[in-house]
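My structure is below; once you've seen it, I'll send some questions.
We call the chains A, B, C, D and E, going by the order they appear; numbering starts again at 1 in every chain.
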Amino acid sequence: MERIGVIDTMFARYDMGTEALDELTSCPGYGERFDTLHQTVPGFKDLAVAAKAMIEREGCRIVVVLGMPGKAEVDKVCAHEASQGIMWAQLLTTTPILEVFVHEDESDDPEVLAAVCVDRARKHARNAYWMLYEPDQLTRRAGQGVRQGFADAGPLPRRS
Amino acid sequence: MERIGVIDTMFARYDMGTEALDELTSCPGYGERFDTLHQTVPGFKDLAVAAKAMIEREGCRIVVVLGMPGKAEVDKVCAHEASQGIMWAQLLTTTPILEVFVHEDESDDPEVLAAVCVDRARKHARNAYWMLYEPDQLTRRAGQGVRQGFADAGPLPRRS
Amino acid sequence: MERIGVIDTMFARYDMGTEALDELTSCPGYGERFDTLHQTVPGFKDLAVAAKAMIEREGCRIVVVLGMPGKAEVDKVCAHEASQGIMWAQLLTTTPILEVFVHEDESDDPEVLAAVCVDRARKHARNAYWMLYEPDQLTRRAGQGVRQGFADAGPLPRRS
Amino acid sequence: MERIGVIDTMFARYDMGTEALDELTSCPGYGERFDTLHQTVPGFKDLAVAAKAMIEREGCRIVVVLGMPGKAEVDKVCAHEASQGIMWAQLLTTTPILEVFVHEDESDDPEVLAAVCVDRARKHARNAYWMLYEPDQLTRRAGQGVRQGFADAGPLPRRS
Amino acid sequence: MERIGVIDTMFARYDMGTEALDELTSCPGYGERFDTLHQTVPGFKDLAVAAKAMIEREGCRIVVVLGMPGKAEVDKVCAHEASQGIMWAQLLTTTPILEVFVHEDESDDPEVLAAVCVDRARKHARNAYWMLYEPDQLTRRAGQGVRQGFADAGPLPRRS
């Protein structure tokens, strides 16, 4: 059975990992074609190496990593470092790692922020499933301005 | 037959991949000397590892990757991370990956933005073809201030 | 016996290494299941390669690195470079390195800053222990807005 | 015969490659001890992988890469990405690649900018020659505030 | 006999390499236990690959690299790229490379700047020696707020 990894953090303010895992459970083939693996690390800067280990040592075909960078300037620099690490981890393993970051300053309303967490975690978990098993779902949405967390931006006017 | 890869995204707001593929179809030797391979990933941060996989597993000689970063500050940081990933993917494979990014803030006019998408996607696809099969087309344009998406900047006055 | 590494610097203004080592000494299994290794380098930009050497040559399973970036703009750039290095060191060794940085501008009060140093060094040392021997401690705190150095941020309201 | 590579771009607004090649032609041993290899790529972000390929596949001992970043903010980010790529290409090949970038905003006067292009391209080509065959030329200028493109800055007062 | 490398630049405005070499000459064991190797490169962006080559091809156990970034914004970006390169060179070789950069804007007074060059070059050369042969010198200064170039910052108040 193939494996999809999910890694979340202790520092995030919403349990996005549970949302991602639940979404994957509802995808076709769960428990037959693929299974999930879950780990929690302290903060989002610990995600990259954990994902690399999950791929290399646990055989995950794809990993969804979830974190929530804070509002301060230093948090933004840390998030950039974390993202670079996730990028390298992908390139060193030639395996996709879907980064699901919800920035605390995306909304001042805790309810809205929580809703973004849920939507983005679930949509990216679904993307991970599509990338492995239904790539045509992505192809037919090419250039359509799809968004995760908020409403879709939609496509530009088509040049004739 | 050799292969040129084209990867676009679901988040972009114009179907640039189709433009690039169409341009390649019109190049000499299409279907005989070279063929194309197409894939769609969720967003532009997923392009780098997908391009690396296309080169290493599908034998692409060159890949054109297309994306559309948004206007927000966080989008610019993400675009930078994506570009760094594309740079590393090239260096790890010693294979060119042509990055075609149209930034949403290049124009406020959706019609102009769409025109930039078409022009830049096609010109870079043509560059990919030239790099593989007609490198002299590039050499004779060296230092000429060529641009993609907008009008050429042109050369500076020549020192005698 | 397994090893946990601790590396601190001469440039930092608080002896955080001693705090981390003391915390590890108080963890279950110290001296039986695992031991510690300690090194001091000049500044925080020397931490990454030292951690890599500790992992590759001394067999450390995890390393805690501690530094204190100054207030000037150039210090922030250096801290970013140091953090990137620590990220690469993790990816090149597939081994976690926990970065414990206390920024001098986190507080103007030397007493508060010293307290942050102690708390963050000890909490991250404990995290290192958890990652190796009690990963469930992390999992049960997933998405809880835990913080090190200051009070916890706590979780967002739960979506029903 | 050893080889020195020269790579320029189609997007640059001055034919700096020809200047660099001409300078190398005038160096002692040209055509006997060393020869040159020339390539043109679309833009400066394509230089890094092209230089790596020239070193690994064509056996170049050193490569001079020339580009001209534009004035916009996005151009500066791209130039940074290109420079990082050139840095990695050097480290992955353990071979020097001399980056010759003339930024369009170094002067508002096209004549001055053209003069900077010529001077910097030639001086760096000469440096490439020195690095391979006359390293003492560099040693005797250590700490002298030498500049390329504009007048030398000169040394600080000597501490007795 | 072991080797310590020293690399300086032609673009720097003070001959820091000579200071570093002189300091190493005065360390215990010079000429018996260890020797020095010296090279000059054009600018600070050429230091990283030169240091990597010194380690891999000349067997240096540690390298001290010295440069002087200018005041302009573009110089700061270049210094960042150079520092990242030095970081990667360390990680790819698992060997320390001590970066000694004096920024031209650290003082407007040329005499002060020259004094910083001398002090920082010598202190870092001494650090290189300590790292190899007297690591206890570093350990006993852990967390003491030591500085190079200017006066020490000193430690924060100790938490009881």
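Just so it is clear, a contact is a pair of C-beta atoms (placed from the backbone, for glycine too) under 8 Å apart; a residue touches a chain by one contact, two chains touch by 3 or more.
The structure presented is a predicted model; accordingly, all values stated were derived computationally and were not measured.
Fewest steps needed to get from chain C to chain D, stepping only to touching chains, is 2.
The distance from the centre of chain A to the centre of chain C, with each centre set as the mean of the Cα atoms, comes to 25 Å. Here the spacing of chain A and chain E, counted between their Cα centres, is 41 Å.
Multi-chain contact residues, meaning those touching two or more other chains, occur in chain A at positions 84, 88. Starting at chain A and stepping first to chain C, the touching chains follow one another round the ring as A, C, E, D, B.
By the touch criterion given at the top, residues 76, 79-80, 83-84, 87-88, 90-91, 94-99, 103, 124, 127, 131, 135, 138-139, 141-148, 153-159 of chain C touch chain A in their complex. Remark: chain C residues 8-18, 38-42, 45-46, 48-50, 52-53, 56-57, 70, 74, 77-78, 81-82, 84-85, 88-89, 92, 110-111, 113-115, 117-118 touch chain E in the complex.
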